[in-house]
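The next part holds the structures, each set out as structure tokens.
What follows is subunit A paired twice: with subunit B in the first complex and subunit C in the second.
Moving on to the complex of A and B:
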């Protein structure tokens, strides 16, 4: 750690050492009981709730001077939320940051799991708005804790039943509930269900932090994560007829974007690093070599 | 009547305050039997029902239940998970107020299917088929399977509550004033339905009611309660036609209005 790179008067990664130890203890417990929500004495962060304060506290507790940090929001490194969190940790730890999934040792995310398969030496930290998957049907915290303790999970399928009864299929597309390690029902945070299969048997450690509700939970490497479903309505991920307008990918999660004032619509990868690494399709794009690449949207705009 | 009871209550007491609750209750319930608990409001009959159905731990005494595997279980020595399992498998509870026994925010079909899903059924088509079948059996309009219970009338809500409980084929159902608050004509039809179901499914039932007409129609045996204690017990016709205890005599002569 080089002290010169850290803002004067602040501890490494903002939180004091005692708080970090407290959070690490909660993390250890969470890793020991996959999918179980561990309460922790959450601290105020210099950002409002909803900006990922839970994820930031987890990141602050595990980040070391040798880490390489990547921060994404909806798959992109350049949104306001991602930029400010990355700047915050750069300022208060001096660690190296990156936009490349493969180079990062620590990735904090909101709403996506990177497309590139994560590895054993990586940690993925999720920002969680509502940690309790049973909250929709049971407002009482005492009762939901009891339901988890007793594996009293019938209501989770009631929700999926209602989807099928009213829409003909399971209409839940984000925050799709999962069973972790065959024991705890868990809210994977508002990632698209497209990302759910990536959680299953992932080699990387997955940590979840909810700031407002002060809960931490975890999925250790190589843990079973099963999306709830019915035998005759099996879990399915989103699919697109289109492919990415920039890199041509058929297998990534696509965002629909409006390209111009005429309302021209296009689909592009939500994971900007994935898209950039694949590179533009030859025939559709001709990039001048010296132009710095910002985002897939910028690339696309230039080509139109 | 078989010789071995299904439920055995020994010296059960649950007192909130002196004279408030129920005290030193002992009774047996046999398979396929309908036992009525009657008395005025405040007589402790609802407290007793809640304790019998594993939802309120007594201060003293025990409740023993002989399960489908013919094992005797001491209810309040079981882990809570086991008590909950019983409540959604071998038992049912029909509440007076449908909102206490139904999920008002989800469809009728989901209400009926919940217990099936809770015990591990994972085939949507089968769960739905069961829902439709039970709606027919309790004489609900099957075309309303996707409607929420708050769009149902009071009588229909009670039918739905009954279906929701019976879907796992319980052996024992607890009912707390199941027709209370309903119009007389609606009441009569629900009572007819209950009589048919109890007979066809060979259900054992403990029913709490202040309404002696309901008790006469459904129950084979009666327990009369006053101030938390049993004052008289016997075959329904015997108790109602030839009451022995002065309090029962008052109750039967309709001097007391509940």
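Moving on to the complex of A and C:
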């Protein structure tokens, strides 16, 4: 660690060492009880609550000088908030950053799990807005903690069943509740349910930080994570008729972009690194792999 | 002495002199000009204009100066002045689609016609105190805070001096596809909450007017409560735009409309969770927020609360505070609320005396009440 690369007057990774120790204790407990929400003494961060302060505190507590950090928001490295958080850690730790999923040892994410399978030596840190999966059924924390303690999860199935009765489908498309290690119902943070299966038996360590609500939870490597469903309405993930306009992928999560005032739509991979790695389907799409500043969307625009 | 409140004319005069002195502060420090407030505390001015319900930067800045920075007091001052003004015309509805956009973002589409235009915003700044501002003096060229992120978003093409431009509305595109509940003008005359007393349940126009004038903090808390499960409505910030719009009037003697100026407004269109409609169709629902100047927090909160208040329309259970129209609208006005809460400072000797007398009598009649310690003055020493 070269102290010269860190902003003057601040500790490595912003938080003081005492605070980091407190967060690490909470993390250890969270890893020991998969899916259980551990209360922790969340601190003020120099970003607003709801913008990833929980994820940032977890990242700050686990990051070391040798780490290679990747930050994504909605799957992309170039989204404004990801840019801002990456710049923050660059400024306050001096660690190397990357946009390549495979090169990162630590990935902080908002709303997505990278398409590329994660490995044993990687840590995925999720930013969590509302850690309590039962919150929208029972607003009171006193009650929901009791429900978790007693494994009183009937209401959650009732809610999913009501969706089926109303719409013919389970109407939850993101933040789709999961059962972790056969014990705790957990909110996977607002990732699309498309990403839920990736959590199951993942070789990487998954850490979740909710700053405003002051909760930390975790899924240790190779843990069972099951999305809730019914025998006659099995869990399904989103599918697209379209494929990515740049790389032609059929198997990734696609973002819709609007091309003109008439509402002409096109689809591109939400995971920018995955898309760049696959490369363009047509020769005419000029994809400069080494200039990360040219985002897929710029490339698509130029082609049209 | 407090007793002097009753008929304490001299005390009141003295208090006001002291207030004027305190407001001015140390006279060896230069006085703050109204122009400085309007230029350098522009977001405070925007809030005061919005909740004070009048678009006048100078008067709002004056109110902030006079109130020593107490914004609720400034809003009150502006409202009190506004009510004395005569009304000449009702302007035509402003057209925010024609807005000269300075900032426009959508949280629902990564890119869209016109792009994401960040404009000026605290978003993505790191909240680290910029001590350089301590040393700022006189006329200096502003520099971006060192705490601000240095990387630029490349998703939006940002020139250093972006030319304002007109942009298609995001929600219109979803409407066209039939995915979103439509909002249409039924040509009825909107309510005027400044002229007519409220009746509940009230008209949407009356509701939106009350929300615009409503206290930012109160609406923020209510909007926040919907996000935490008390009346959840699955919000997405479909579009937030800030910019200048034309204001036009149509004088009777002319018969055609003329532009009389421009005002800066912020508009937030919220896309909310879908609902089954009366005709069995399923569509996204929506909430709306509008405010003078650059008032993003206010418009977002308003959008959340506006949607929560549509609970009845979508046949939703109304169990949370943000969904109770009468509760929200009758308590959101900070001039009313602050007035009534602070009236507790007025003398209530008579009412309190009546209560005191009754309580003493009840306790005397109740054998289980502890025996009173005789007050000193009644000992007759």
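Convention: the second predicted complex is superposed on the first by the 292 of 304 C-alpha atoms of A that agree within 3 Å, B and C clash if a C-alpha of one lies under 4 Å from a C-alpha of the other, contacts with A are read in each partner's own complex, and residues count from 1 in each chain.
Basically, a contact is a pair of C-beta atoms (placed from the backbone, for glycine too) under 8 Å apart; a residue touches a chain by one contact, two chains touch by 3 or more.
Note that the coordinates shown come from a computational prediction; the quantities given were computed from them, not determined experimentally.
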* In the overlay, answer first, second, both or neither for which of subunit B and subunit C A:166 touches. => both
* To do: Mind working out whether A:157 is in touch with subunit B, subunit C, both or neither, as first, second, both or neither?
  => first
* Would you check which partner chain A:234 touches, where first means subunit B only, second means subunit C only, and both and neither mean what they say? => neither
* **More subunit A residues in contact - subunit B or subunit C** => C
* Asked: Who does A:135 touch here: subunit B (first), subunit C (second), both, or neither?
  -> second
* Asked: If you lay the two complexes on top of each other, which residues of subunit A touch subunit B in one and subunit C in the other?
  -> 166
* Structure fact -> Residue set of subunit A touching subunit B in the complex reads 137, 146, 149-155, 157-159, 161-162, 164-166, 229-233
* **Complex contacts: residues of subunit C adjacent to subunit A** => 109-113, 116, 118, 123-124, 126-128, 147, 149-151, 153-155, 168, 173, 176-177, 227-230, 232, 274, 276, 282, 320
* **subunit C-touching residues of subunit A, taken from the complex the two chains share** => 46-48, 74, 76, 78-81, 83-84, 86-88, 91, 129-130, 135-136, 138-139, 166-167, 171, 255-261, 263, 268, 293-295, 297-298
* Structure fact -> Interface with subunit A, subunit B side, in the complex: residues 80-81, 84, 88, 103, 105-107, 109-110, 113-115, 117-119, 122-125, 127-128, 145-146
